[in-house]
Structures are given as C-alpha cells and as structure tokens.
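Same chain, two partners: subunit A is paired with subunit B first, then with subunit C.
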Partner chain A sequence: MRLHRQGQVGIFVVGAVALQLALVAAGKGFLLTQLTMAAYYTLAVLGISLLMGYAGQISLGHAGFFAVGGYTSALLTTFDLGPQRARPLVSALEQAGLLVARADGYGGEVLAVHPVAAALCAVALAMALALAVGVPVLRLKGHYLAMATLGIGTIVYSVVLGTSWLGSADGIAGVPPFPLPGGASVGGRAGGRVVNYYVAVLLLSAAMLGLLNLVQARVGRALRAIHGAEDAAGAMGVDTARLKLGTFVLSAALAAVAGVFLTHYNGGIGPSEASTMKSVKYMAIVAVGGMGSLWGTLGMSLALNFLSLRGTFGVFDDAVFGLSLVAIMLFAPEGLLALEPRRALAALRERLGGAGEAPR
Partner chain B sequence: MAELFFQYLMAGLTYGMIYAVVGMGFNIIYNATGVINFAQGEFVMLGGMIAVTLAGLMPLPLAILLAVLATMVVGALVELLFIRWLAGPSVLRMIIITVGVSILIREAALLTWGQGVRALPYFTGSEVTSLSIGGARMSPQVLWALGACSAMVALTTAFFRWSSTGKQMRACASNRTAAALCGLPTRNLVTASFVLSAGMGALAGCVVSPITYTRYDIGTGLAIKGFTVAILGGLGSSLAAVTAGLVLGVLEAFAVSVLPSAYKDAVSIAVLLAILFLRPTGLFAARVAYRP
Partner chain C sequence: MTPFLEVSGVSKRFGGVQAVSDVSFTLRRGAIKAVIGPNGAGKTTLFNMVSGFSTPDRGAITFAGRPIHGLQPHEVAARGISRTFQNIRLFARMTALENVMVGRHLRSRAGFLAGLLDLSWSRREAAAVRAAALEVMAFLGIEGLADAEATSLAYGQQRAVELARALAAGPELVLLDEPAAGLNMRETRDLARLITRVRDQGATVLLVEHDMSLVMEICDEVLVLASGEKIAEADPGTVQRDPQVIKVYLGEEEAC
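For the complex of A and B:
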C-alpha cells in the first residue's frame, strides 16, 4: 500500500506529536530543544536534497545561504536605529510600522527592524544572491560547480568572520524572538519549548509537503531527467537552465529560512554557521539519507543533527560526518535506506501484491 | 614606494609558488584520473605538520625528507583505499568522496596536532635575519621557498618529458585504454600520480611553513587557490600553472595592501569565479595529454 503525500506528512506530524508527548511524559522535555534545532537544519538539508538528489547539482556552499539568512535577520533586528530616528528614511520606516522599539535589558530602548520584515529581507537577500550567483555558476558542471559553490561559501565565511559590524568571530547575539500570531514566538525562552517545537515541526511539514508535490509533479520528472542526462533532457524540451536555477534559488531560500528561524530560536548566530564544514555536513546528510529520497533525508537529518547537537560524537563530530560521507559514497551511493533491506522489502511487497512501487 | 612595491611582490611570489605547486598537483591527478582531488590542500598541510613534529626528534633535512615520504604514503593510501577499486564512478560521486577524504585528513590532523599554529624553524638564520634586495628586506626563507618550488617545477617538467615513468603517465593520461593495451600498468600509474602530487604538496608545505605557518585547516583555502591556478593556467602546461600561481599570489598580496586582510581569500575566490564565468566551457574540456 502506498500512502499519498498528504498521508505521509500526516503520519510524520502524528509521529512528531507522539514523540513530544513521550519525551515530556518521560521527563526528558529538554531534548525538544535539540529536536527543534535539528528540524530547522533539516529545512536547509531538504533544499539541498532537492538540488543534489533530484537535479543532480552539487553545492558546497549552502551554509553560506544559511548564514546570509541568519546574519541579515540578526543584524536588522539588533541594529539600533534609535539615534537615526530623525532621518527621513528611518522615520518613514517607523511610520510604515516596519520598526519596533523594545527594551534592551539595560533600561534603554532599541529601535530595530521588525523581525517579520527582517526575515523577509533576509530570505529575499539570500534568493537574490543565489540568483546572481546561480546564473553563471549553474552553467558549470561537476568540478567547476563544486569549486564555485565552495568558493562562494568561503567568501561568505571570510566576510562574516572579517567584518566587525557582523561581530567578527563572536557573531551577533541578543536577537529578539520572532513573534507569531496568537502571542507565541520563536525564541529561546524555556517556557516556550513545546510551542517552538511545534512551530518547527509545522514549518518542516509544510516545506516537506511542498517539496513532495514539486518532485512528484512535472517539475520533479524534469529534474530527474536533468540528473539522468542533462543534454537528453534539454533535447526533450526541458528548460534545463531555468529549472536548475529555480531549484538552486529555492534551496537557497529554504536554507535562508532555516537560518532566520534558528537565529531567532538561538538568539544569535556565529560565523561557524557559515563554515565549509557545515556545507559538507549538509551534503553528508543528503548522501546518507539517499539521493532523491526526501523522506530518507528528512529522517536522517533529524536523527544525525539531533545526535550532533547533543554532542554524542564529541570531538569526532566532523570526522563522523566525513566518514559517513565517504563510506556511503563508496559502498551505497544511493543512500543508506537503498541498501539491501529495502530492496528485499520491495521484492517482498511485489511478491505479495504487486501493488508496490518498483525500486528505482 | 618602490621598496614597498618590491616587498609586496616578494610576498606575493612566495604564496604564488605554493599555489602553483598545488595547482600542478591538481593537474597531475586530473590528467591521470579525470578527478579533481579536493584533498589536495591537505597534502600541503600534512607535509608541514609532520615535518614540524619530526623536527623535534631529528635534524631538519631528515625530518623534511621523512615528512615528504610519509605524505606520499598517505597519497598512495588515498588512491588505494578510495579511488582504485571504484568501477566507472560518476563525477558527483568522486567529488563527494575526495571532499570526504579531505575532511577525514583534516580531522585526523586536528586530533593529532590540535588547533595550534605551527611552523618549522628557519632553514638558515632566524626570523630576524634578513637580506636586502633592491631595498626591500626579506627573509632568506623566501629564497628557500622560491628556490625549492622552482626546482620542483623544473624537475616535474623534466620527469614528464624524459623519464620512462613520466612518459608512461602521460600516455595513461592521454588515452587510458590505449595505454593499457600497450601493456602499461595504468592503475599503478594512477597511484604514482597521487604519490607524486602528494609529495610535491608536502615539500611545498615544508619550505613555506616557517613563513606562512601551518594549521590543521589550511587545506581548503589552498585547494580553492590551487584549483584557480590550475584552471587559470590551463591544462597540460606546468609553466602556465606556475605563471598563473605567481599572478594570483601577487594579486592577493597587493589586494591585502588595500583591503582588510580577512578578505584576502575572498579576492582570489572572486578571481576563480570570474574565470569560471568567463570561460564556462572550461579549459579542462579537452582532455589532452600532459605536455610539459
């Protein structure tokens, strides 16, 4: 039996609720914090899954887009425009309701951009960057694309690390919570842990549903065709350039959204979020989860990010990701879940009813 | 002003030589396998790090020799363990594997040597010794680096042009099937290309380490720059790679004179992107034999 994608997402949500109840019942509610963070990282990883697993385009620079999102949001929501209040632009923004004033914890007041407006700016900026970079970069293939995206990620990293108003090595702290309708907010308050968990789960579910729709529709088939043979896809009338660019921008947008929310959740962001290792980590998760398997990637991403955030791997954290990347690519390039058990399951399913989907 | 110019020029040439050597390393492996080895920069780091450790136990020249040999063994292992037995792997897969290998080497280095910055002692004199050339002061180590790298380039060129193994490697690069049909041990020649390229990187890592220092994470930056140089210079000509390396090094040195030094990497990567965008069909598109 094959569930529809709404059903699959439904099961995921039910599972997430069950997990939350179980954790709280077991008195381990604190684990929800890492699960929430893992969910946000997963958002970024899903975008890369679409780009790498479906469209077959490699990116070693997605941590850069994540950081562009996070840093833009952090900067705009913490930069005090109070002293510039008299300026026409600032007062116009304030009139338009785009600025909010809040207490800064020292008895003073900070006038900064409203988090929602900042988030929109952040995602738009990341998408614009992806578009500007993607047009020339996506004409490249293989090694060139990998090196070019690695280069872009490195530029973002060295810029945030070397720019004093982006906090240099310290990053930006004191980012206010992101307000949601109904008085809830995405932020680091301990009391809001459960709410934040559900916000992340819902965001992830929505993104998942959208991506599942996308890959099972015409676009998805076209992307797989590009992965299989780009020239052939082009010859069949697939607008390969536009699709690749669209996928690239979409994946950058997802990374930026993840960056924005995680920054609000953590109350800050540091340069390590932009590091090459992060990009490689995302890629490793997609590889482990399976190229072209969104659910596999989602599951692996939640699990691996959670373990990583819990510090399970200790000082070997990066090594674990590097090792799994190499091992998967050597022994199971289709991903862990594509290994024998799955094939055996599919064969079994076929024998029982013939209604199962043939293994790809 | 002229002295300052000369000073930047010499600094640029020193870095440029390293980029040139890394770029040649890329070329050698790419020629033999069609793979861009993303772990190329790690060889430079390993050479420097191992030499620093060994230098505490034995005379400097011996330490450097052993470090280069050890890195060559690592190069051979990388090929034997991760590349050799894959049957017709896709480019995407090879990229990911070498990226993973680079992470593994880097993490191993981090666990072995920690996060500290290390350096070999100066080969001659000390950090305060300086020669005056054209009014600019510079360390004799700069001459060591320039000399060693130039010698390496010349020797590699001669190796590919005249030695039997070099010729076999060129034949293998030109047409692997044909080379195999002629009875050449193509697989071993591929391993040899990894060994050669690792050794070159390691030696470069040793001679510059007193000036530029070495740290577990210098590999990525070097890889990007070496790749830039390999593309900029085009394939098949080590002389072009050297020229490109020197140009990039000098460009970087002068960029640092006007920009904050944190943006140094950004400059050379911008150069890489510009080249990639202006010559998107790639200088690697034609797989030609290694013609030094």
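For the complex of A and C:
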C-alpha cells in the first residue's frame, strides 16, 4: 500500500516533468506560469477535499485562510522596520536573524521579517483562526461550519479591502522572493519559471503523499468511519468533534501555505484572493473532482485552475464554476471521474425509454 | 465491594413519554445479564444511557466505581464499554476488516502528524491493529470476510462484523442490543456459544434480547422492564416463574 502511494505520486512527478519538457520544447514555456499558480491553488483545494470528502464538512471560507496566509507573509516581508531599528525588540529580532535587510529598488534599504519566519507566522495565524472558529462550531452536528466559515471569509475580505496598511483595494505589492536552499527562490524573477514550476510540483507532491498517507492511517480510517456511521464511530471511541477540528485546521494550514507561496511567486496579493467567490470556486472544484477522491480533485483542480487562469472562460469564469457545481450535484454527485459512462448512459436511456415504451 | 456497573434510579422522558422511570440494577463483573421486556419497555433507552448516547434526566450510572452518566459516547467507550446496535450500524464504503480495525481506535494513538508523515512507529502500530482485528475476526470465524465491503454482506454476517468491531476494542463491558435479531435458529445457537466464550475471556455482557431461548440459555441474571419500569430482576428460572412477568410479557406469548 505504501509503495503503491509513493508510486502514484512518482508517476505524477514524472508526468509533470514530461509536461515541462514538452512545453519548453514546443516553445510554450510561458504556460508554466499558470501551471505553477494552478499547483498552488490545488494545494488549497486538496485540503478542502479532505475536509469535505473525509470529515463531511463544507467550508465556504477557505479563500479567507488562503488570504490570511498570503497577506501575513506579504505584510511581514514588506513592512519596513528600519526606522524602529533602535528599539530593543527590533534589534533583538535582527540579532536573532529573523529580520533581513534588502534594497528597496529606489536606492534605499528595507528591513523586514525573513520570509521563512513570516511564512511560519502566516500559517500559524491561519491555523489559530481555524481553531478559534472550529472549536465551538464543530461540536455541533450538521453544516454549521459552512455558515461560520462563510462569515469568516466575508470578514477577512472586508478587513483586507478596508484596511489601508493592507493596501485596501490594491493589496500589497513588492513582496520579496522566498529563498530556498541551493540559491533557488520562489518569486517572479525572470528566468526562474522552470525552477518555480518544480518547486510548486514538489510542494504539491509532498502534500499529496502526506494526505494519501493520512487517509489510509488511523485518522483517515476514523474519518471514513464518521462518514459511514457517526454514532457507531463514537461508540468505538472516535472523538468526532476532535477529528473534524483537526481536519479543518489542517485544511486551513494547507490553504495558508498555498497563499504564502503564491504571494511570493506573484510578488504580491490583492483582496480578490479573499473573496467568497474564490471559496465557492474551490468547493466547486472539489465537487467536480469527487469528494474524497484526492487524485480526482488534484487533476480537476490543476486543469480547471489552469484554464481559468488562462482566461478560457472569459467573463463567464464565475458562472462556469457555479454551473459546474450545480451540474455535478444533479448528475454526478460522486464527482466527474466516478461517473461510469456506460452506466450513466443506461440510466439516461432508462429515463427516456420510460416515456417511449410501447403501450402494453 | 462496589458493583461493576451500577445503575441507580435513572429516568428518561421523551416529550410526553416516560421511556424509563426510576430503574436501578447492578451488574457484577463476569456476568451475562439480559434486559427483556415488551416493545416500548425502555430497553434501548436504558442501553443508550449506559453507553452515553443519551443522558438520564435523573439518577446515576457508575462503572468500575466512577460515574459515567452525562459522558459523550466516545468517553464512555474510553472507559472500556463497547456496544452494538439494534439496527446494524456498520461503516459504509469500508471493508469488514477496516470496520473491525476502527474498533481498535482507542488501542492505538497515531494522530494527524504521524499519519501525514507515515512514521515508522505508526506503520508498526497499523500492522498491529490489523493483526488484532484479524484475530478477533478469526475468533468469530469470519476472517474470510475481511476484504468484503461490510455493508454488502448478508445480514447475519453484518451482525458478526459488528460484534467483531465491538470486541476488537477489548472492552470490559460489552453491550449487545438484540444480537439475535434476524438470525435463524442455528445462527442463534452459534451466537449463544460465542457470547459465553466472550464472557469466559473476561468480559462482562449486558444484552437486550427478544429471543427467550437465548436469554434462558446463557444469562446469569435477567432484568425485566415494562412500560419503563423494572418489574423483576433475578436469575432466568425465577423470572420465568414470576407471576407479574408472566402477566406482562411471557403471558402474552403463551396466549398467542
């Protein structure tokens, strides 16, 4: 089983390498940019897949967690602490190596939080927020989490849109690259496209392997048990509220990681990343990919996000995701990949045939 | 010595229905006790209160000297009480083996981090859980069903898987809610032998049952409920001769 999971992820990596080589060979290397962004969004979507498919909970606020991650990183890595250098706290942070100075492009110098430290803060903040929402809400049975997260998403959106030091409608720009070992970095630097693509692919693969491990492990088995018969799971000692909470916090952390890296990649973040429509989009992708099907979600998310980022759907982008959510719920609630064409056709024929049958 | 399980003066009302009123009984360690009574006598309500699925309006339940009324089901399970359900509640979309493995949930501890990282100790633990689940299934003679999807099995087999799941937890007290319901005579005889063996391995058994032959054959004590009240509590032979019991319960059957 273990080799099986590693093999699947290995095939995915090989496919990603083949795609990169083919695109570059075809002179379409610029497409890697949208693929990289799609990979980061997919990281967030995978967490929601786990939450919806395994914990049976719906979140309408994951764009909020994504934005908490992205904005925290953006703010901490761009806010100039230079003028406060004399203060004991700032100098202590600088001594500890948590602050870095860099040229601001105008001949001056910016002293800001190291991207790695900022990223850790960002993910921790998103997890703390998820914990604060989840603890009271997940004790209740039913879909209260959908409502609570809808509220949180709306609040995050309003806050980033209405706060001047978060850039209001413009968001935060000038976010420095995220340094990686070996001199590479996650950022918008020209020429770094291929490296960035591979960083995103590796991050996504690692998350995928982790989640595949998790759903086969004790926690995943207990989550599936909750989905199968919640009362019986309780009778076996499964603390359902706690497991749902853990899944929710994990999914928020994944969204925040995605937000952090996409913000570094794009060099900034804007309020649209926090909008409720983004959350709905994530949810629609999970539904299309098949709730609880991590590979289905991954494939659908990469494809749909890529097409959306390429502008394929034009002004109908939101409508496409809304419509696909409705269509999936009506015709293939198990997800597109779970649809067996032959059986679906047979069902359709039966439905139509009922009307056209010869009278007896 | 304090009784193993002590239920004292519990009552439960649902709207205008007094489902259980002022019921007290004790259960000693190593015994097999049945709760019998006509439909609507409050047997399942009493069971649900012992297993944490509902909280008594009044009264107390102590297990091994500690109060358990008002605890959540998973907390009651953590005290060593395991149950089955009258309407079989197997986990859908999971194999029979996986169902039984969930029964080992409290006997293992790998959490989110161990699961994500597939740590070597959690892999060893998972292998041990699997082995223990298979062992319980072998004990019940259903190891051949391990890889079948649990909810697709025949009714009697589903009952067996549910029993295996409850036993996999290694409980001190097993609550069986109508374990013989829907079983044929041969299956019921097998079940009787099985319950006796479970007791012989050190567990205490409390069961709700309609099948009188099963109750009379294996139980040390019988508690009779009628309309939410206790009307008798004694060994099977005495209960069988109790005029009040004959009137409300057995009498009805003889009249048929």
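Quick notes
Heads up, the rule we're going with is that the second predicted complex is superposed on the first by the 333 of 360 C-alpha atoms of A that agree within 3 Å, B and C clash if a C-alpha of one lies under 4 Å from a C-alpha of the other, contacts with A are read in each partner's own complex, and residues count from 1 in each chain.
FYI, a contact is a pair of C-beta atoms (placed from the backbone, for glycine too) under 8 Å apart; a residue touches a chain by one contact, two chains touch by 3 or more.
Given the structure is predicted, the values throughout are model-derived calculations rather than measurements.
In the superposition on chain A, A:15 contacts neither subunit B nor subunit C.
Once chain A of one complex is fitted onto chain A of the other, the partner contacts of A:210 are limited to subunit C, with no touch recorded for subunit B. Applying the stated contact rule after C-alpha superposition, one finds that A:246 touches subunit C and leaves subunit B untouched. By the touch criterion stated above, A:58 is placed in contact with subunit B alone, subunit C being left untouched. Of the two partner chains placed by the overlay, only subunit B lies in contact with A:147; subunit C stays clear of it. Of the two partner chains placed around the shared chain by superposition, subunit C is the only one that A:235 touches, whereas subunit B remains out of contact.
In the superposition on chain A, the chain among subunit B and subunit C reaching more residues of subunit A is B.
Only residues 36, 38, 82, 86, 89-93, 95-97, 99-101, 103-104, 106-108, 110-111, 220-221, 224, 227, 260-266, 269-270, 272-273, 276-277, 280, 282, 284 of subunit B touch subunit A when the two sit together in their complex. Of all the residues in subunit C, the ones that touch subunit A in their complex are 51-53, 72-74, 77-78, 82-83, 85, 89-94, 98-99, 101-103, 105-106, 108-112, 114-118, 122-123, 125-126, 129, 165-166, 169. Subunit A meets subunit C in the complex at residues 2, 210-211, 213-214, 217-222, 224-225, 227-229, 231-240, 246, 250. Here subunit A touches subunit B in the complex through residues 52, 56, 58, 60, 136-137, 139-144, 146-148, 150-152, 154-155, 158-159, 161-163, 276-277, 280, 283-284, 287, 315-316, 318-319, 321-323, 325-326, 329-330, 333, going by the rule given at the top.
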